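In what comes next, chain A is part of two complexes: it sits with chain B in the first one and with chain C in the second one.
This part shows the complex of A and B:
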């Protein structure tokens, strides 16, 4: 089966000091990102703030210039902006801040039917289509006359979902789909997304820092640290036996109802290092509980831990014993 | 939906007392200017030296000047001069600023750098000095005045529009448009334009009195509108030269300047509140 979305060695660099500092310096926002998303599946992309999650989403949609690697959508390579424009009808992006992603001067009805106008698709009545799309996400038709600032966070999120799904895309990239919502509303949104996925055969790329969320929705997980994928694999395999110390720490840091199950020995210390001062060797060695000398000098290669489960660490075996 | 939105904005403007007052004053001057021949009681340039320096009376509601011309008529026709120049100049400058600002904000970086350099060097010149220089080269007159105002005002408008465009280009809802596949033209005209034009309208409305004052100032210096065409500036000058013989002239010539300045400023502030959909609900109730 060909992957719906296939990312190989993707790199995004931001040049620094273009005018006076010489063109030599560049920020590596993303490096060597390789992952696949099968049709009808959900891939969870996990990482802290500043790990490059959102940049990766924008790069996949051609909203962020890439400096290396290849992107394929449904087998076709995406190179020039025309390639990305050609797939815009089949991809959709849901924003972390749903309210800000709606034009302040457009009513909800105009916003959700905007994709039809953009792609010159004839619809019998804009009002009727808006009501239909809103009904699909559980909003009343009267909502169409509202402006974004008149919506609650959950309503804005639903409008975002309605707009993303208007053209029945094959790939939906959801950036923190539950950020800033009450727990009950989070569940509603997730159920709605799952529902629509079953009904329309969508594939999701869910970007989040919330492990509980990916455990709930994702078939596969990719863990991003400082712009590099440190571990990818099936959700069940990763939660059962995380190979990378970073993944293990993330899972250990999840709140547990039973205090005796909480572990503090795996806690990672400090903040994610600034991307300007990327550590040499393995990026994670500054915070790694099991780092040794080699981690400070040599970048680790990928090791297979099982079917479709790989990890970028010098000592995946030894570290996994502790988990 | 959008016509309803505009109607709501008007209601919001009228429910704000200052905005309503501003709109009323502006309309008063606009009516005066448009219908000057019918509003004015007499011919503004007809001399009648026998009746010079008359104080306000039933025959001449605002009195007469040093050549016996009816002052009220001159004020009414002066409104025509002032508004024609101010609205034309500000309108042209607004359109120019809008286009250049959006090009700078949305276009390639090098073009932005060139335009910003241009704006900065233009606005480093003092307005009145620049006006005097242009008048010296081209010669005084209405056309020159408009040219000066357009050249001097474009940088300020363009800079406002550029900043708005730049700030909005990175906004999520614009990125969303791009992700949905909207063309640059659609993003520019359908999404950026309506969001940048509001602040510009407010600035334009607040700049109209500045231009009216500039016109009056230059006409006062005899560098603007040529006599005998009535202008609030040359009426004020006539009043100043004959302040001992007829002190009422200065007061009457100054009044429309004060009132039009206040009117346009109030209208601008009222528009700012009425056009912002986030404030609209609160104002309209």
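This part shows the complex of A and C:
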């Protein structure tokens, strides 16, 4: 099967000169990112804040210049801006910052129907369409008259979903689609996304910090650390046997919803690296509990841990309990 | 037990909107003591941010307090003049906003703003304020503090901006810190680091903390007491252990049951409460949760529920919650 979206060896650099007085130095944000998203599937992209998840989403849509690698959508390589215009028509982006991504001067009704205007698609009644889209995400039609600052965080996010789904896209890139929602509304949004996936064969790239969430919605997971993919694999295999020490620490750090299981050792151990001070060798070695000398000098290669499951680590955990 | 530092008494707040008003808070009473962490949870749109903003006297321009008092060490801040209120903000109470973009001015660098936020430290030289800012950025887990200091807010990733906003609030060393969803944009290892930092802050300065979050794991990990809100009211208040192990309000029970962190099997669908919040411009006559409650009776639909006290330091707004 051809992947709907295929990313090969993608790199993104940002010029550094603006902040540190010239020079040709560039900040290397993403490098060697390779992943596939099959049609009708959900890929969960998780990783540290600042690790480049949003940048990757922007690069896929041509909103962020890339410095290397290739992107394919439905088999066709994306190179020129016309190619990206085509992918943007069939892709919807749900923004991380729900309220800020809505124009403050546009009512909710105008915002959710704006995609039709942007793409020159005629609809019978803008008001009727708005009511229909709002109903799909569980908001009353009266909301159409409100302005973004008059919405709660959760309401703004539902408006973002309604807007994203307006044009019935084939790929939805959802950047933290449920951040700031209570667990019940979160479930409604995810169930809605799942229904649309079943009904229209949608594919999702879901970017999130919420492990409980990816565990429930993603077929595959890709874990990013400091702009490098450190682990990819089927969701079940990764939760049953995370191979990379960073993935393991993510799963272990998830707080339990029970005050009787409080932990006292919450501080991050080791130095938190940054893109300016990218550690040599394995980028995770400054925080890694199992790092040895080789980790501090040599960059690890990808190791296969099982079907479709690979890990970038010198000493991957191989006690996978299977998928 | 010590006196509350901050208390909200019978507070009602509404927003004027086109064609009416939204009753965002109805008769809310809450308090937080020195060195205590109070958690606020509840459905999206139930009024948590409105309450948090009211506590620091920053509810929006179309907000109107129709009844009640907000007391800081016994003094009703709603009765102070504008200048006195402004002095309290920052000196006594600081807030981390749900949308970290709103904490910063888009045209100034983060560093310049972190220095400005320390306006209350009279006599401290600018150089030292810069050093304190750098230091705090490192403590909230930002690894390249100099890089972050020199950037504009939009040049940071969502989670970096959130941590910068937390740093800004902590720099003011307030007696009461109000944090609205402070960890939603962070991965779990960073979230753990912030929880660690808040615990330290409480231990070192005896600061009172009010934290609004949908993440029940964070509440279990950090809070002493919890208030659960629904449709503008506090429907349950309890010490954290009792809230998780002996919840009394049907909404609290439903909320806890929906937490995906508790649901072992991944099926692609998550449980939700069903139905939605009542229209806050026309709240129902009886219990606001009645339409969604599994044990509601006719009385629930017509008569406002009483506040029952099932134990010390506990309160439940429900007809059926008698001890």
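Here, the second predicted complex is superposed on the first by the 293 of 323 C-alpha atoms of A that agree within 3 Å, B and C clash if a C-alpha of one lies under 4 Å from a C-alpha of the other, contacts with A are read in each partner's own complex, and residues count from 1 in each chain.
Please note the rule applied: contacts are C-beta pairs under 8 Å (C-beta built on N, C-alpha and C of every residue); 3 or more make two chains touch, one makes a residue touch a chain.
Since the model is a prediction, treat every value here as computed from it, not as a measurement.
> Would you sort A:275 into first (chain B), second (chain C), both or neither based on which partner it touches?
second
> Counting only touches as set out at the top, which of chain B and chain C does A:100 meet: first, second, both, neither?
Touch status of A:100: both partners.
> Using the superposition on chain A described above, determine whether A:88 touches chain B (first), chain C (second), both, or neither.
Once the two structures are laid over each other on A, A:88 reaches chain B alone.
> Going by the contact rule set out at the top, does A:149 touch chain B (first), chain C (second), both, or neither?
Both partners, chain B and chain C.
> Using the touch definition from the top, say if A:296 reaches chain B (first), chain C (second), both or neither.
In the superposition, A:296 contacts neither chain B nor chain C.
> With both complexes overlaid on chain A, does A:114 touch chain B (first), chain C (second), both or neither?
The first partner, chain B, only.
> If you stack the two complexes on chain A, which partner ends up touching A:63: first (chain B), second (chain C), both, or neither?
In the superposition, A:63 touches chain B alone.
> Just which bits of chain A does chain B share with chain C as contact spots?
97, 100, 145, 149-150
> Please give the residue numbers of chain C that touch chain A in the complex, ascending.
15, 17-18, 41-46, 49, 60, 62, 98-99, 101, 141-144, 147, 150-151, 156-160, 162-163, 181, 184-193, 195-196, 199, 214-221, 223, 240-241, 244-245, 254-256, 258-263, 266-273, 276, 279
> Which stretch or stretches of chain B touch chain A in the complex?
So the residues of chain B touching chain A come out as 1, 171-173, 175-183, 186, 191, 194-195, 277-278, 281.
> Touching chain B in the complex: which residues of chain A?
For chain A paired with chain B, touching residues are 58, 61, 63, 85, 88-89, 91-93, 95, 97, 100-105, 107, 109-110, 114-115, 118-119, 145, 147, 149-150, 163.
> Show me the residue ranges of chain A that touch chain C in the complex, using the header's touch definition.
My answer: residues 19-20, 46-50, 54, 96-97, 99-100, 138, 140, 145-146, 149-150, 152-155, 157, 176, 179-188, 190-191, 194, 209, 211-213, 215-217, 235-236, 249-250, 253-263, 266-268, 271-277.
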